[in-house]
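Two complexes follow with subunit A in common, the first pairing it with subunit B and the second with subunit C.
Presenting the complex of A and B:
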């Protein structure tokens, strides 16, 4: 099946070729119909730039962009049939919600009756039918976000682009809107690409997550594949694998703090075969109620552990067990640029 | 309110008296039946308005003033709106510098500006007094149109135009259905501000008046230099009424709150 969006070695440099900034470099990406893709990465890694190139607001300085299989690198945004949701919502302040949502259909010169009907349906989809005649200024942030979504969905775009749509909302509303977003995407069957720097958001929403760093692709795939097996140190760090210990008999590895097990050094139980064993000294203990965050110094570096219980104190000697199946071997030994 | 914040109320009251007191006195003098500029007036009459109407220079200069105000306001908008659009939305190199350049007429003393224009345009190029007046006022008003329209654009989300383009509107449709409405409050306030500023200007007009061509404020100044009777007060009231009328008309048409508030 032809990908809805395909990037072929796409790059963008701001400024001159000599002393500009490469915001995105040599990016390949294929987005399948009806899927939810997230672009994930730290601030400044080129997520917005990538999205704006797909939308046509900026032109790639290298590579091609294909939409529905045809080269759209030079197609202006108004002819790409793309629904964009901006972080700042960008609702037209002088129009009612109905007029905002109907804008794209009016631009397509659809009959007034059809515009009104479909704008109404889109508003209903996001639960705002009752506010159809209000202006955006009279709505809360969450409601404005819904209108922005309805406006983008109303044109039945071939792809829905969302640039950190939830980052202006408070934590509770954000979680609620994530569900809402997923529901709308599933109900409409739309192809969606969402930009975020929140890994929880990416894990929850994605069919495919694409992790960027410094304008380059680090890893992509289904969250259930990527999360347990980060390919390199950058991805691991970004996904919360805090430990990069030197383990005898292994190359570069990582392990999540919640997978590190601690026991008292004195118990002298038999060596576990399914775990790698290290010796260390407790360096600090942070009490968190249900568990403690414990930093342990070992010969192979500092290890952070999530430990159920509050039975260790700084200075105590401990045995550290790293379950073999939780150790993730990394492709790179060096620290990539950007992973500080 | 008054009891709660006595100091604030007192200060506001003083400010009102200082600002409006002279206006009230002027109004009184204009409607006097007597023949001196004294307050309180000696009886009420419209005789000084009638006298003003019979004094040709006032009527002629009022016409000149209105023509100059209308033309220079229109010209300042026609030049200022595209300029501010380019500055706010376009990728203009040296933006800050150009922005400051548009502000210079505010900084340069008007008399200096007037003298320069007089030298270059009237003497140098033989442009008529009326033409020079319109050009001079346009220069004077340009900072207002650029700034005020620019402010409404700067307040708006720069992504609005992109949103419209993304939704399928071409550049022209985007301009008329999004950019223009966004600028509208700014355009309206710039129009009022520019019109009133032109109508009441003295320093610049003073230097650009030629034989038989003067604006109303300049003619009033001339009049006061030779005679001192309530006619000037009556004319002042007319000028004041005109300014207020422009403001009220706008208020009726669009609502002041929409123009100056948000």
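Presenting the complex of A and C:
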């Protein structure tokens, strides 16, 4: 099946070709119909530039962009049939919700009756039918973003592009809106590409997550494949693998803080054969109620650990157990550019 | 807390209000109540005469024509310029804006004499036209000359007012409209312009009021042949020393400006209730 969106060696340099800055370099990507893809990375990783190139607001300086199998590299945004949702919502403040949602259909010169009907349906999809005659300024941030979603969906776009749509919302609403976003995408069967710097968002929403750094692809795949097995130190760090210890008998490895086990130096449990044992000294304890965050100094560097009890104090000698199946071997020892 | 801050705001209004009261409202009221060299009845009679005198009606018509034309040309030239400045990269927009308002820093008399050099019988334009075999052009002392001079004088006001509205627009609105399938013209007509209408209307009001009341430019470029109200007012005061008639002219000018200001305020309000 032809990918809905395909990037072939796409790059973008800001400034002149000679001394400009590469925002995106040589990016390949294929997005399958009906899937949810997230572009994940820290600010400046090129994820928004990539999305804006797919939308047509920025022209790639190298490579090709194919939409529905045809070369769209030079097609202006208004002829790409994309539905875009912006971080700032970008609703038209002088129009009612119905007129906002119907804007794309009017631009396509659909008959007024059809525009009204489909705008109504799109508003219903996001649960805002009752506010159809209001102006965006009368709505809360969460409601405005639902209107923006309805407006993008109403044109039945070939791809829904979402530029950090949830980052202006407060934490509770953000989690709610994720569900909403996923529901709308599933119900409409639309192909969606979402840009985010929030790994939780990416893990929850993605069929495919694409991790970018410094304009380059670091790793991509299904979250259940990527999360337990980050390919390199950058991805590991970004996904919250806080520890990069030197473990005797291993190359570069990483382990999540919640997988590091601490036990008393003398009376603690026996080391199982499936764990690597290290010795260390507690450096600091941060009390978090249900657990403690404990930093332990070892010969192989500092290890951060999520510990279920509050039974260790700074200065205490401890044994550290690293379950072998939780140690993830990394492809690189070095810290990639931009990770610091 | 709320009350204190509101009182502070009111206090801040006082100096401006005081200046307006003593420098504008008081003289206007005084002129109408007890005009120099006459009484209110005389001014009323003179106003009636001005509005019915077949020799003076063309002056009123010309004033309105020149001012409306100046306003429209300023809008057509100024709004797109303001749009381009507001969408230019930040490091450019400041410089471009300074360039646009630079003419404001020149003395009106100097600037107007510049136009005389360009438009006069032996001026640049006429010489060029003769060189092309088109014969001499006499633009000086015509309505066209007045409009040209006024457009140049007031264009910066239109650019500044439009810019203030345009620069506050979220540029993502245009992206959103384009993404939804709107071409450049639809984006402009349905998103950019309606949202910047308040600024454009303020610009129109300023330019219109300025054009109605401008004196140097119409006096030097229109001469005594193409009189408008402001130059008429001057001759009533300084040449014929007819103070009641001058008061009548001033009254008509003030009403003209107030009507347009009210009209623009109404349009702007309608714009904001639909926005």
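Criterion: the second predicted complex is superposed on the first by the 336 of 340 C-alpha atoms of A that agree within 3 Å, B and C clash if a C-alpha of one lies under 4 Å from a C-alpha of the other, contacts with A are read in each partner's own complex, and residues count from 1 in each chain.
In this section, a residue touches a chain if its C-beta (ideal position, glycine included) is under 8 Å from a C-beta of that chain, and two chains touch if they have at least 3 such contacts.
Every value quoted in this text rests on a predicted model; they were computed, and no experiment measured them.
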> Overlaying the two complexes on subunit A, which is it for subunit B and subunit C: clash or fit?
Replying inline: clash
>> Let me test your reading of the model: by the given contact rule, A:92 touches which partner, first (subunit B), second (subunit C), both or neither?
In response: both
> Now for A:135: first (subunit B), second (subunit C), both, or neither, which partner does it touch?
Replying inline: second
> Regarding the shared-chain residue A:155, is it in contact with subunit B (first), subunit C (second), both, or neither?
Replying inline: both
> Once the shared chain is lined up, is A:33 touching subunit B (first), subunit C (second), both, or neither of them?
Replying inline: neither
>> Shared contact residues on subunit A, subunit B side and subunit C side combined as an intersection?
In response: 55-57, 76-84, 86, 88, 90-94, 103-104, 107-108, 151-152, 155
> Can you list the subunit C residues touching subunit A in their complex?
Replying inline: 170, 172-173, 175-183, 186, 190-191, 194-195, 271, 274-275
> subunit C touches which residues of subunit A in the complex?
Replying inline: 55-57, 76-84, 86, 88, 90-94, 103-104, 107-108, 135, 148, 151-152, 155, 161
>> Give the list of subunit B residues in touch with subunit A in this complex.
In response: 156-157, 159-160, 162-170, 173, 177-178, 181-182, 184
> What does subunit A use to touch subunit B in their complex?
Replying inline: 55-57, 76-84, 86, 88-94, 103-104, 107-108, 151-152, 155
